[in-house]
Amino acid sequence: MSVKTDPFVRFVNVYKAYDVNTMVVKNLNLNVSAGEFLTLLGPSGSGKTTTLMMLAGFEEPTSGEIILDGKAINGIPAYKRGVGMVFQNYALFPHMTVGENLAFPLQARGMPRAEQQTRILQALDMVKLSNFVDRRPGQLSGGQQQRVALARALVFDPSLVLMDEPLGALDKQLRDHMQLEIKHLHDRIGVTVVYVTHDQTEALVMSDRVAVFNEGKIQQIAAPSEIYENPTTDFVAQFIGENNRLEGTVSEVRGSESLLVLKDGSAVRTLSADGAIAGESRKLSVRPEAILVGPEAVDLPNNYAASVKEIIYLGDHVRLIVPFGGPDELAIKLTHRRAAAIAVGDKVRFGWNPDQCRALV
Amino acid sequence: MSTIEIGHDVGAATLDKRRLERSLQKAGRHQRLISVSLVAPLAAFTFVFFVIPIFAFFTFSVANTEVPRGLPLTSEAIKEWSGEGRPPQPVMEALTQDLQNTYNRTAVIGAARRLNYDIAGFHGLITKTITNLSEPITQPDVSSENTDVPDGFSIFGTSETTTTPTQTLPKDAGERLVSIDSRWGEPRYWQAIERGTWTITPIYLLTALDLRIGDDGSIESVSPDHRIYQALILRTFGVSAAVTMIAVILGFPLALFIKRQPANRASLIMFLVLVPLWTSILVRTTAWLVLLQGEGLLNDLIQWLHLSDTPIALIHNRIGVLVAMVHICLPFMILPLYSVMRSIPPTYTRAAASLGASPARVFFKVYLPLVFPGLSAGALLVFIMCLGFYVTPALVGGPRDQMLSYFIAMAVNRDLNWGLASSLSIVLILIVAIALLLLKRFSASALAK
Amino acid sequence: MTTTAIERIASTLVAVIAIAVLFFLMVPLLVAVPLSFNAEPYFSYPMPGLSLRWYQEIFGSTVKGIEWRNAFFNSVVIGVSASILATVLGTSASLGIARGDLPFKQSLQAMMLSPLVIPVVVYATGAVYFFARVSLIGTYPGLIVAHALLGTPFVMITVTASLAGYDRNLTRAGLSLGASPWRVFRKVSLPLIGPGVASGALFAFVTSWDEIIVTLFLAYPNQQTIPRRLWAGVNEQLSPVVIAASTLLFLVTLCLLVVTEVLRRRNARLAGTL
């Protein structure tokens, strides 16, 4: 997949407020390259949906500029933007057949009938629903409706497609399946996609890049692996995947590493995101799967001992809970094999490498 | 690849509050303009053809223009009067001139009718005085009868004056008036004229509540045999309440029954409930006339069953009114009740039963409170409808079964007493408004569920 | 167990009362309608014979027949015009209210719904004075305006109800697919709220079709409508012709009710697929 360097969509200093006291989007600057699959990820009310709505033309920025393919689109109504959109509850027109739904954008563009027919069949073929032209949306399953919505958003060849939690209404199994299907579709046709979700797995599976939103600001924007492995803020660390978060104070800074002293006096060597200063309070972030237990922990720069407080069975793995860092607890992810010998109350040694943890603001 | 700044560039594009406010207003304005222009036609239509007529009509309840129009000189002169004893000479002369002004006769009669609402008999007094003044050399028989126009709304009682041309009238205007009719010597008649010059008058509103301004200027009840409206208001209230109660008693089991039927049968029964709702009130009332009248079907049935040998009066009395009104209102009771009953999941009553409550207890402690919002909404809806009923009582009721609406129509159509019609309307609207406030509260709590 | 016995008795009692009430609701129509076919001008059973003479009086070429047909024509003209006026104004207002950013929304809505709760006699009396001032009394436009006003709340209620079931994302979807707002309204919104608009229009028509009080106050004697003739018939002398006319009136409303029921089901079916 080729990503052109020239940004296809640009948000320049965009603000959005609904009333004087609540700024929903704060000074947003964001570039999307042509052909990219960008996911806006965040909790509800974080400004991700508003950002999408501004791009679609259903909301106007209070200030700032949105540029699409080199042209400022502020003030251009939604129906003149030529941007495809897939909605959470599909928004298929219930009084039209699948074929009529797909014909709708083509008729609006005054396309000849014959050409409409070929386009509709092509689009339905793409989502493997060629036999459903004459069905009504009400006669289709959720997954099928979702595919029709996808086909409808793509049938008029938009260069940009927006998706607003399109898989939100599906059950888990179907969702997992559709994630891959959408990803493959994107790879095949190379359309630029801006995708909104609050589901981190969805974001990690499908995207070229993920922008994590919180309180109207982008916290971090990067490739999924980067977001997962190198969160730059405490919010990203706790929002993406599972993380142990322990409060501590920076006692010493040595290059990119610093020494963090936790509430119980344990010292932890850690990577420090954006330049920690000695004396500052920071949160230690370490993933449960990064923690090793038993003999392997002994040689690690960070290693400690504590009694197991609880063992939780989670199907494919087991979680140990040990008291650590003062009032806090540490969750450790273990395979069944490794956990077999451990019982509640046993004293265990555990540890991790300094590059597996971070002192975050 | 991409630039992300997280709010640090203060110089570039932070928004100060005032600029933000301005741009927010601008953003909302266009959208609001669309909404306003969609609503404006109906809002303007309703305002011009509904709100204005009703409010213009309401102003009649205090309007007081007849006396200054009919008796302009007297109205001006009486301002100088203290209100005690007989008015001074100029007032008397002014009245004499006003009454002799033949070009203004219609307005004078209007003023006379207006004054009659204040003191019964004033209309007769003025017509008699006009007649006598037009014949300057005559004087009425001292014992001439005073045919008072009866109190209330009937103002067409004519007063006949017998005059005997025996004596010449005194030159002095005051003496002359008193010699025509001794009532001109009583301050209360002049006080009534003085009240007639006020910008607004309370007499219609007082009349609608069976009150009047007494001779000493204070508000008092009218004599018991002239009391009409308090009883009328109570009757309107009572009939509406009775209809509502019967509708609740009859509607509740039917709604419950419909809810317990399978879906297909339930919608068929609902259709049967809706058929009368959609049938003209006139048609239904006609049908009840046929059924209930003396030689009507129900009486035939009663006599055939030998329950009674003589026809029972079922129509043109309270029974007929109640039967026909309940029939009209029942669907409005059943609809909200049924929709609330349908929205109650059976889990609640099952839960209560599983906790060991007896069926009666489940019904009264769990089901009834859950249904109450629908019950109260339906009841208040029916009650409000009943308050305004006109056609049904007019057709199947007797003279003693008429409600406020009937008297409003009669005040305007028969008596041309717009002030009273307006006052009675205000009373009716107030009762409706109170019921509406209750309805709003109940439906709000129903929605909150 | 005693409780189940009590329950059984209670539900039997409910059923008995319910059927009696249902009978009460239906009986006036069931009993009165056949009398319009009575050969003799009496209101008693058994009927001496069947005849269509009362209907012939309505449809015949006598003066009375012409009068009935004039009244019918007037009722239709006034009803259809009032219904169109009420539907256009009421639908537009409901759309505006549903947008949610209307200033003074509560008060405006209360005002526009007020014809529903203000007793008709009060309005009719007020209208006599006002309509006389603006020279609308005794005119067809005057009657149409007054009837339309009484019908608009029904249009607003039914259209608002159908808008409540309308997913606003459908409008957004339409726009995002490149259709202009007007095209989206015509092709997407209107077909979906259409049944609500249509039943509102029918309600408004029936309101006017059955209206008597405002007509009595505002119409001149030469402006006869069916309800007005019925009113006169009932007040003067109840004749089987009145029953026959009532039956016809009833049949018209019954047809309209069936139409709305069909529309309602269609609406429910569409809503179910949303």
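Should a chain be cited, it is by its letter among A, B and C, assigned in written order, with residues numbered from 1 in that chain.
One rule holds for everything that comes next: contacts are C-beta pairs under 8 Å (C-beta built on N, C-alpha and C of every residue); 3 or more make two chains touch, one makes a residue touch a chain.
Keep in mind that this is a model prediction, so the values were computed, not measured.
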item	value
Category of the chain touch graph - line, ring, star, complete, other	complete
Identity of the most central chain, Cα criterion	C
Distance between chain centroids, defined by C-alpha means - chain B, chain C (Å)	24
Centre-of-Cα separation between chain C and chain A, whole angstrom	55
Mean-CA-position distance for chain B and chain A (Å)	65
Complex contact set, residues of chain B against chain A	1-7, 9, 12-15, 17, 19-21, 23-24, 27
In the complex, chain C residues that touch chain B	3, 6-7, 10-11, 13-15, 17-19, 21-22, 24-29, 31-32, 35, 43-45, 89-90, 92-93, 95-97, 99-103, 108, 111-112, 114-115, 117-131, 145-146, 148-149, 152, 156, 206, 209-210, 212-213, 217, 227, 230-231, 234-235, 238, 242-243, 246, 249-250, 253-254, 256-257, 261
Chain C - residues contacting chain A, complex	167, 169-170, 172-181, 183-184, 187-188, 191-192, 270, 272-274
Touch list for chain A against partner chain B, complex	5, 7, 13, 15, 17-20, 23, 26-27, 29-31, 33, 60, 62-64, 209, 217-219, 221
Chain A residues touching chain C - in the complex, by the definition given at the top	56-58, 77-85, 87-89, 91-95, 104-105, 108-109, 136-138, 152-153, 156, 162
